[in-house]
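Same chain, two partners: subunit A is paired with subunit B first, then with subunit C.
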Partner chain A sequence: MIRHLLSTADLSRDDATLVLDTAEEMAGLTEGRSVKKLPALRGRTVVNLFFEDSTRTRTSFELAAKRLSADVVNFSAKGSSLSKGESLKDTALTLEAMGADGVVVRHSASGAPYRLATSGWINANVLNAGDGTHEHPTQALLDAFTLRRHLGELAGRHVVIVGDVLHGRVARSNVLLLATLGARVTLVAPPTLLPMGVEQWPCTVSYDLDAVLPDADAVMMLRVQRERMHDAYFPSAREYSRRYGLDARRFARLADDAVVLHPGPMNRGMEITADVADSDRSVIVEQVTNGVYVRMAVLYLMLAGAANDGARDERRSERDEVGGAANDGARDERRSERDQADPSAQEETT
Partner chain B sequence: MSAEPILITGARVLDGEPADLLLRDGRIAAVGAGLDAADARVVDGTGLVALPGLVDLHTHLREPGREDAETVETGTLAAARGGFTAVHAMANTDPVADTAGVVEQVWRLGRESGHADVRPVGAVTVGLGGEQLAELGAMADSAAGVRVFSDDGVCVSDAMLMRRALEYVKAFDGVVAQHAQEPRLTEGAQMNEGELSGRLGLRGWPRVAEEAIVARDVLLAAHVGSRVHICHLSTRGSVEIVRLAKERGMPVTAEVTPHHLLLTDELATTYDPLYKVNPPLRTADDVAAVREALADGTIDVVATDHAPHPVEDKDCEWDVAAFGMLGLETALAVVQHTMVDTGLLDWAGVAERMSYAPARIGRCDTGDGGAHGRPLAEGEPANVVLVDPSASGTVDPRASSSLSRNTPYAGMKLPGAVVATFLRGRATFGGDAAAGGVS
Partner chain C sequence: MSRDLSSPREVLDGDDVARALTRMAHEVVERNKGASDLVVLGIPKRGVPLARRLAERITAVEGVEVPVGAIDPTMYRDDLRLRPARALEPTDIPAGGVDDKTVVLVDDVLFSGRTIRAALTALDDIGRPRTVRLVVLVDRGHRQLPIRADHVGKNIPTAMHETVRVLLSDIDGQDAVLLGSTGAETEAEAAP
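Moving on to the complex of A and B:
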């Protein structure tokens, strides 16, 4: 498994399948049980570093880490030094000094998690929980997980993603991941809300939602902010809804077994109407549940997985050279603990 | 400032036949083979190329206001190390160089430092605000003798104001140096707009935002019969517009930075703000276009856009980092690497693009004794740089004379080395231990 999860582009098909299979295990071990706790990450510290408000994503990661028995610290822009203008670097150094094993980071600047992971400020595993208009890998993984539960294997399946691709990080991560998994993706948006160079992405692009719906196995509606009309991305919210919104009329064009996704939060009446959002083929609430399983899987694979030891990589050995032998013993202990950790073999007993 | 006479022996002037150069009383007293001067200190120029002192049309010295990033003293030290004998100090200081008082202060600081002549650039508009013309005439008439006016960092985007500025500076033979960036097309822009910006989720800075202003301004300059200079031209489209304008005899000159001759937007994939610059690094195709244009004269000069920033302004997220890179100390090496070693330009061409032409555009090529960009000939001011083109070195930011460390070339191996720089016959860099030693 990779050391940091920064982009779905970093995941091979095997990596992605491993995450989804592990998430399925996590679901099996917790779904419907009164005690939803596993000991896999006991003694590990996961920091949720949120430079941008996102109650749902933070809560999902927090729940995932807690179900794996990790110690979880929430570090958010409000009520901490971040709002006083402390730099990303100083925050990272602080977390490193406190001994964070994993850092889940949400930031309004694209690439901020990449900086955290590559600048040498911190040795923890970095998980991108959404960076600017770049990526949101765990959202794509939970979407793929949800799709797989309904459609089976995704190879050859057709997923239509509709909405603000330009400002959205969900679409980017989804296109890359779904392509890796062999699915066919069509992006639908007004040309103003598509990034330059989208024709080079591994997907097709359409401006005509009605035309692509009959052929879709799933349709994913992205949030579109009404305020975008003030920057002339579209003339009015009403026009956007008429051309790109999913209402009952368009919903009827879908195949009978096609499902509807939305990463939330929804703008009901803008990109999706209430009747569609609440229909029995909408899997929007399931996505939230699945988010916890997928984040458990990712945290487990990155922080506890045996494969991780190899990936804890040259930087560690570099540090060993620099830092001397004193730490090596402690590190070895942690490694062997990790080797033992296997979620299917152990269950919370207390 | 009278220094001891210096005899440079066996240097290849503009890469020509080896010759001796005698520097005495601030001037080149003689050029020729087998010169003899008993009272002169000898600098062995064997194997070195002698060029006229380089002139930078685009330098940010940061003083007054950001002395944590650079001062006139440290910036001109870096200039001397890079082979420059004159630099044009951009106006975006704090306070802005938009009055005779500020430009005279910068000019005086340059005189006091003595490492390179400092030619202050005056702001076009008050406070770079783009609304009201600064007192251009007062700056022109001041002791600083300003001839280049620029709101660099900000585009003079108002077409009417740009027209007036172009017209107004005709009275004192000034030139408006335009930072071509249509502001509405580049709000929040972070990097070149293209497939890569879409992939990285960084807000795009489209080429058209530069090209639209370049096109407008060459037309305006032709319309009012005044000179316009295009700062840091970065795209193939801008090259084509300037080429067409020159074919039509329009009064336009243009510069390219060393980094736009070498680096591409691919570096943004690191999200390391060392590579964040304005205008942004473009694609390999744009790099090829600006190289060709510099070779054929469409682009007149190489200007560094030396832009020092303290560590904290670069050691952060890309979005919040400052734009700009160091350039003075590495400019000649980058030009040798991209233009000379590739066969696009010979050393005489380098002298034209980095000394004669910038001095002409900045109107500092005349004047008794104080002129720059003059040929290495008897009677001319003794502004000379000795270059070892066969040397090569790895760029070490810590070795810089600049107060800042934001070089994009750190760890990169570049050819050539400035061995010595002489300003009016006095060594401002090297020269006392120049290749082969001194007798």
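Moving on to the complex of A and C:
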């Protein structure tokens, strides 16, 4: 399994399938149980580092980590040192000093999780919970999980993704993951809301929603991010919803077993009408439930085993070679303290 | 793995396995004074088909359906942190649950006892059985914890370097128990 989850592009088909299969077991282990708690991450610390507001993703990660018995610490931008201008590096060093094992990070800048993972500031496993307009891997995994539960194996299935691909990190992560899993993806959006270079993504692009719907096994509606756009990408909200919104008329064009997804939060009446969002083929609420299972799976696979510690040791020694001796002295001490702490934690459980 | 088992000796053949299961089914029923309130749970992988076969035999003897399921102890193992994270196997608890039932845990090989310890802890999170009993096809000794089986298909005294491998038709295409002898770390030792 990979050490950091930064992009769905890093996941091989086997990795992705392992995550989805593990999520299935997590669902089986918690659904309908009176004790929704598993011991796999006992003694591990997971930090939710949220530079951008997010209720559902943070709550979902928090719940997932807690169900696996990890200790969870929430850092959010508001009301913390993050809003006082602390740099990413200093925040990272603080987390390292506190002994974080996993850091779930959301940041408005694309690439911030990558920086955190590769800078050598921290030894923790980094999980990208959305970075700028780049990626949101666990959202794509939970979408794939939801699709798989309804459609079976995804190879050869056709998924249509509609909406703001330019600002939406969900679209990129989904396209990459679905392509890895062998599904066919069509993006539908106004030309102004497609990013440069989209023609090199492993998908096809269309501007005509009505034409692609009859052939779709699933439709994923993306949120029109009003806060990100300054009304220049399309003439009016009304025109957008007429051309790219999913209403009852378009819904009727879908195959009988096709499902509708939305990563939330929805703008009812904009990209999706209320009757479609509430129909029995809309799996939007289920996506939220599945998000917890998928995040449990990812946290378990990345943090529960020993590969984690092994990789850390490697990185530690790499850093020892690279880093200057002077400023690393203090860290060495801290490190050895942690080295001593780790085995004792193991003894406790054996 | 296959190289390690280059010259394994067959200690139980398919008929022996079948007879051992039939005998243990009778023992379970006798001990429980019938088949009421029994729940048979197999420990993946090979405990699961063994559990199903045991339940079928109990049904054949007593004429009642016996709930069968699976319990995966992976997340409760004491060596979880010593190795890379492992894929989870299915856990499947029959609809009636385990509260106030007699749970019969079934595994293929009893070795250190650590898997059973983990399964007992896993059971804690599912409910509170009235009794838990343990059925194993092979007891190879070398216990590291105070755990013993209630019903044993075959006691096979082994040395630590030996390997015991159970083959079942559902997974391996044939029923047999093989005793191999190698110095290398093997599957049986890797997952005691």
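What we mean here is this: the second predicted complex is superposed on the first by the 300 of 350 C-alpha atoms of A that agree within 3 Å, B and C clash if a C-alpha of one lies under 4 Å from a C-alpha of the other, contacts with A are read in each partner's own complex, and residues count from 1 in each chain.
Heads up, the rule we're going with is that contacts are C-beta pairs under 8 Å (C-beta built on N, C-alpha and C of every residue); 3 or more make two chains touch, one makes a residue touch a chain.
Predicted model only: the values in this text are computed from it and were never measured.
Colleague: First (subunit B), second (subunit C), both or neither: which does A:35 touch?
Modeller: It touches subunit C, and subunit B stays clear.
Colleague: Looking at A:304, would you say it contacts subunit B, subunit C, both, or neither? Reply first, second, both or neither.
Modeller: After superposing on A, A:304 lies in contact with subunit C but is clear of subunit B.
Colleague: Answer with first, second, both or neither: which of subunit B and subunit C does A:22 touch in the superposed model?
Modeller: Second partner only.
Colleague: Quick check on the superposed pair: does A:274 touch subunit B, subunit C, both, or neither? Answer first, second, both or neither.
Modeller: neither
Colleague: Just checking: does A:98 make contact with subunit B only, subunit C only, both, or neither of them? Give me first, second, both or neither.
Modeller: neither
Colleague: On the A-aligned overlay, A:248 touches which partner chain: subunit B = first, subunit C = second, or both, or neither?
Modeller: So A:248 meets neither subunit B nor subunit C here.
Colleague: Would you tell me the residues on subunit A in contact with subunit B in one complex that are also in contact with subunit C in the other?
Modeller: None.
Colleague: Taking the touch rule as given, give the residues of subunit A at its contact with subunit B in the complex, in rising order.
Modeller: Those residues of subunit A that touch subunit B are 87-89, 107-112, 114-115, 118-119, 131-135, 169, 172, 195-198, 200-201.
Colleague: Of all residues in subunit C, which touch subunit A in the complex?
Modeller: Against subunit A, the touching part of subunit C is residues 72, 75-76, 78-92, 121, 125-127.
Colleague: Would you mind writing out the residues of subunit B in touch with subunit A in their complex?
Modeller: Residues 193-204, 206, 270-272, 312, 315-320.
Colleague: Contact residues on subunit A for subunit C in the complex?
Modeller: 1, 18, 21-22, 25-26, 28-29, 33-35, 37-40, 300-309, 345-346, 349-350
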